[in-house]
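Chains: A, B, C, D, E and F, in written order; residue numbering restarts at 1 for each.
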Amino acid sequence: MNDLLQKPRKVYVSRTIEFNAAHRLFNPECTETENVEIYGKCSNKYGHGHNYLVDITICGIVDCKTGFLFDLKELKAILEEEIINRFDHKHLNHDVPELRECVPTTEVLAVLLWDILEQRMHNINNRELALHEVKIYETGKNAVRYLGE
Amino acid sequence: MNDLLQKPRKVYVSRTIEFNAAHRLFNPECTETENVEIYGKCSNKYGHGHNYLVDITICGIVDCKTGFLFDLKELKAILEEEIINRFDHKHLNHDVPELRECVPTTEVLAVLLWDILEQRMHNINNRELALHEVKIYETGKNAVRYLGE
Amino acid sequence: MNDLLQKPRKVYVSRTIEFNAAHRLFNPECTETENVEIYGKCSNKYGHGHNYLVDITICGIVDCKTGFLFDLKELKAILEEEIINRFDHKHLNHDVPELRECVPTTEVLAVLLWDILEQRMHNINNRELALHEVKIYETGKNAVRYLGE
Amino acid sequence: MNDLLQKPRKVYVSRTIEFNAAHRLFNPECTETENVEIYGKCSNKYGHGHNYLVDITICGIVDCKTGFLFDLKELKAILEEEIINRFDHKHLNHDVPELRECVPTTEVLAVLLWDILEQRMHNINNRELALHEVKIYETGKNAVRYLGE
Amino acid sequence: MNDLLQKPRKVYVSRTIEFNAAHRLFNPECTETENVEIYGKCSNKYGHGHNYLVDITICGIVDCKTGFLFDLKELKAILEEEIINRFDHKHLNHDVPELRECVPTTEVLAVLLWDILEQRMHNINNRELALHEVKIYETGKNAVRYLGE
Amino acid sequence: MNDLLQKPRKVYVSRTIEFNAAHRLFNPECTETENVEIYGKCSNKYGHGHNYLVDITICGIVDCKTGFLFDLKELKAILEEEIINRFDHKHLNHDVPELRECVPTTEVLAVLLWDILEQRMHNINNRELALHEVKIYETGKNAVRYLGE
C-alpha cells in the first residue's frame, strides 16, 4: 500500500510533442497593404514554417493503484491521433479544415488545440481528470499558453 | 536604501538540480501480466534509469537588506542534504526507504520530494517563506508538477 | 470570420529576450565581512556577469481581426527600448540609475523590469491587455519570477 | 602587447542563426507514387516547415590587435544579407531561385549555403580566413554538416 | 536536374536518439574497496540510471536523385532495431549480453554502439556510405565520442 | 575481461563546465574612437558579462581495467582548480593576471584555457592522454574552438 497516496494528491502532468508545419498569416478580409502592415513577412504568399513544440498539461488526483495520473500510453495515443495526425507535415492554411476561415497565429492554434483536446478528454470516464493548459512554442523566443479561460 | 523594496514584493525563486537514478515501475499487489499491461517496458525486472531534472520553487517577500528571498547557499545545502544525498546514484525501489511500498512513478516522486521539503521549510524560522512547487522532468518530454494540493 | 474567436479567449503570450550584463552583489550599508558572509564570491570587487535570459508574459483577449493578442512588432520595439537599451552590455551597479541604491540581485532585477514594463503597458490604450509575469534566468540553474504581487 | 597571440593561433568561430521556412520534398522527375515512397509525408502538396538552426563556422589566425578572428559585426551583416534575407519566412520551393530545380532536402540546403558563403568569403581580402563548416539542424533530431568536400 | 549536386558532395548526417537505462560501474575482478575508489557512488549495488542521448553520424556523397545521403526512414528503422530495442528501458549490466563481461562506462558503450552499427552499415550495398561517429551524452555535462579509431 | 577493449580504442571525452565572469573589450593601445569602432558596446567602461559555457575535450585510449579514458574525479578536480578558481565570478580584465595585457575576447580566452590545461595535462604520467579541444560558448549564438594549432 502506498502511504504517500493515502490522501488525495493533485498533480499536473505535461507531455511535450512536436509537429512541423507551414503557415501563412493573411486575413482575406483585409487588403494586401493591411496584411503587410499587420503581418509583415509572415504574410508572404506561399507561407513559411516552424517546428511547433507543444506542452500539453493535464491535472487531477494521482491513482492509488498505478501511481499515475493517467495512462501515458493512452495519452500518447490521443496526442498522436488528435494533434500529430492533424497538424504534422501540413500547411495549416490549406490542410486543416478548422483553420481555413482563420489566420493561423500561434494564439489561434493554441485555442484550437485546447478545443480539440478538451472535447476528447470529456469523453474519458474519469471525473478527476481535466485538461489544464496548452502551451505552444512557435520558436525558441515566442510562446502562447491557453488555459480555457 | 532600496526604494524598489519599500513595498513588499512577493517573488518565486526556482533552483534546478539533477539526480541520476534507476527505478522499476512494478506493483507487487498486481500480477505480472497486469504489471506489463500497466507499465509496459517500464516494468522490466532490473529497472532502467533517468537523469531526473528537478525545479524547486519557493516563494515569499524579498528581504530589504539582502535583496534575496532566501540565502542561496542555505537553499543549496538543504537540497544537497535532502534530495541529492537521498536520490542521486540510487535505485529508487531498493535504496530509498520511503519508496519501498510504492511504485516510484514521477508523480509519486514529486509528492515525496514535496513532503520532504515542506517539512524542512517549516522548520525555518521565516513566516514569509513557503515551498511553492516541485517540478520533475523524467525525460525532455515528460514532466510532473506538485504544488501541495 | 474566425469561429474560434467568437467567444473571448484569454491567452498568455511570452517573449524571450537576452541581455549580457555585469553586476556585483554588495550592500554599502554592511561591513566588508558581512558582505562576504551574505554574498560570498558574488561580492568580488569588480563584479562578474551573466547572460540574463528574460521571459516577459502578457495576457488578455485574442483580437478577432488579427488573431494576435498584441502586435509582436510593437512588443519587440518596447522590449528593445525599455530592456535591451537599459541593461544590455552594461554593468548593473554603475550604468543603471535605478539600481544605484540597490543590491542588483535577480529578485531586485525582476521587480525593476516589472515596474518599468507595467508603467509602459499602462500607457497602451487597450483595457484587455496586461503584463502578467517577468521571469529571469540568471543561469541555467537559477530563476526568479515576479507577478506584481 | 598580447603575449598569448605572439605565435599564430588558429581558431574556429561559430555563429548560430535561425530562419523559419516552408519546404516540400518532391522530385518532379519522379511519379507521384515514387515521391510518396521516397519522401513520405514530406511530399505533402502545400509543404510543411521548420525552424532551421544554422551554425556557420569560419577558421583562421586570431588577429593580434583586435583579439578577434573576424569582425563579428561584419559577419552578422554577411549572414543577414546572404542567409536571412534569402531564406527567412520563405517557401524554399517557390521563393528561392537556386532551389527551383532541386529537392530542398537539408543536405541540398547545406551545400547551397556553403556555396553562397564560400563565394562571399573569397571576396574578403584576408588570406588567413576560410569558411570551415555549415551545419543545419532541421529539427532537434536531424542535422547535416557540409565542409566543402 | 539538380545543378548543386553535379559535382559529388560529401555530407555528414546526424540523427539523435535517446534511451533510458540503468547501469552500475563495478569491476568484479577488483575488490569492493578498489571499486569504490575507482567508481565512487557509481558503484552502488543496485545501480542508478541515465537518459542517454546518442548522436549517430554517417557520411558519404549526396544522392543526385533524392537529395538525401541515405533514406531517413531506413536509418530510423536501423536505429530502432539495433539501439532502442537493445538498450532502452534496460539495466545495462543485466540485460545486454555484450556488456556482461564489461564495466558499462560511457566509453565502452560508445565503442559497443559503433561496433554494432559498423557491422550493420557494412551490409548496406552502398560503397559511398560510412558510419562516421557515435557520440553519447550520459548527462548534460559528460559526453564521449568514438570514430572507429 | 572486457572483449570490447582487447584492441585499443581511441575516444574523445568532453566535460562541460560553466563560469560567470565580467569582461570589457578595450585595447589601451588604440584610441577611444578606434575601440568603439572595433568593439562597439562591448567596450563600455565598466564592462558587461556572460555565463561562459566551456567544453573541454581530452582524447586517448580507453583503459582496459576501468573502462574509463581518465578518472573523472581527477578531471573534475583539475578543471575546478585551473578554470573555475581562476575565472568564476571574476572580472577578466582586472582579476586574471594572464589577461591584463590582452583584450579578453572569446578567442583569446580559448587560447589561454588551452595553454593552462595543456601544461597541466603534460604533467600527468600517461602518454596516451592528450588535450584535444577547448570550446567556449560566450552566448547561445557565439562559440570559439581552439585545438592547439
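One rule holds in what follows: a contact is a pair of C-beta atoms (placed from the backbone, for glycine too) under 8 Å apart; a residue touches a chain by one contact, two chains touch by 3 or more.
On a predicted model such as this, the values are computed, not experimentally measured, just so you know.
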Looking at the contacts, which chains touch chain A and chain B alike? C
For A-C, find its twin among A-D, A-B or C-F: the pair where over half of the contact pairs carry the same residue numbers. A-B
Please compute the angle of the rotation superposing chain C on chain E (C-alpha atoms), rounded to a multiple of 5 degrees. 180
At the interface of chain C with chain F, does the proportion of residue numbers present on both copies reach over half, so same, or stay under half, so different? same
Farthest-lying chain, centroid of Cα atoms versus that of chain A: F
Find the geometric centre of each of chain D and chain E from their Cα atoms only, then give the gap between the two centres in Å, rounded to an integer. 27
Between chain B and chain E, tell me the centre distance in angstrom, where each centre is the average of that chain's C-alpha atoms. 31
Note: chain A residues in touch with at least two other chains are 140
Those chain pairs that satisfy the touch definition: A-B, A-C, A-D, B-C, B-E, C-F, D-E, D-F, E-F
Complex contact set, residues of chain F against chain C: 18, 20-23, 41-42, 44-51, 88-91, 93-95, 139-140
Mind pulling up the chain D residues that touch chain F in the complex? 1-5, 9-17, 62, 65-69, 71-73
So in the complex, the part of chain F that touches chain D is made up of which residues? 25, 27, 29-30, 38, 40, 98, 101-108, 110-112, 115, 140-147, 149
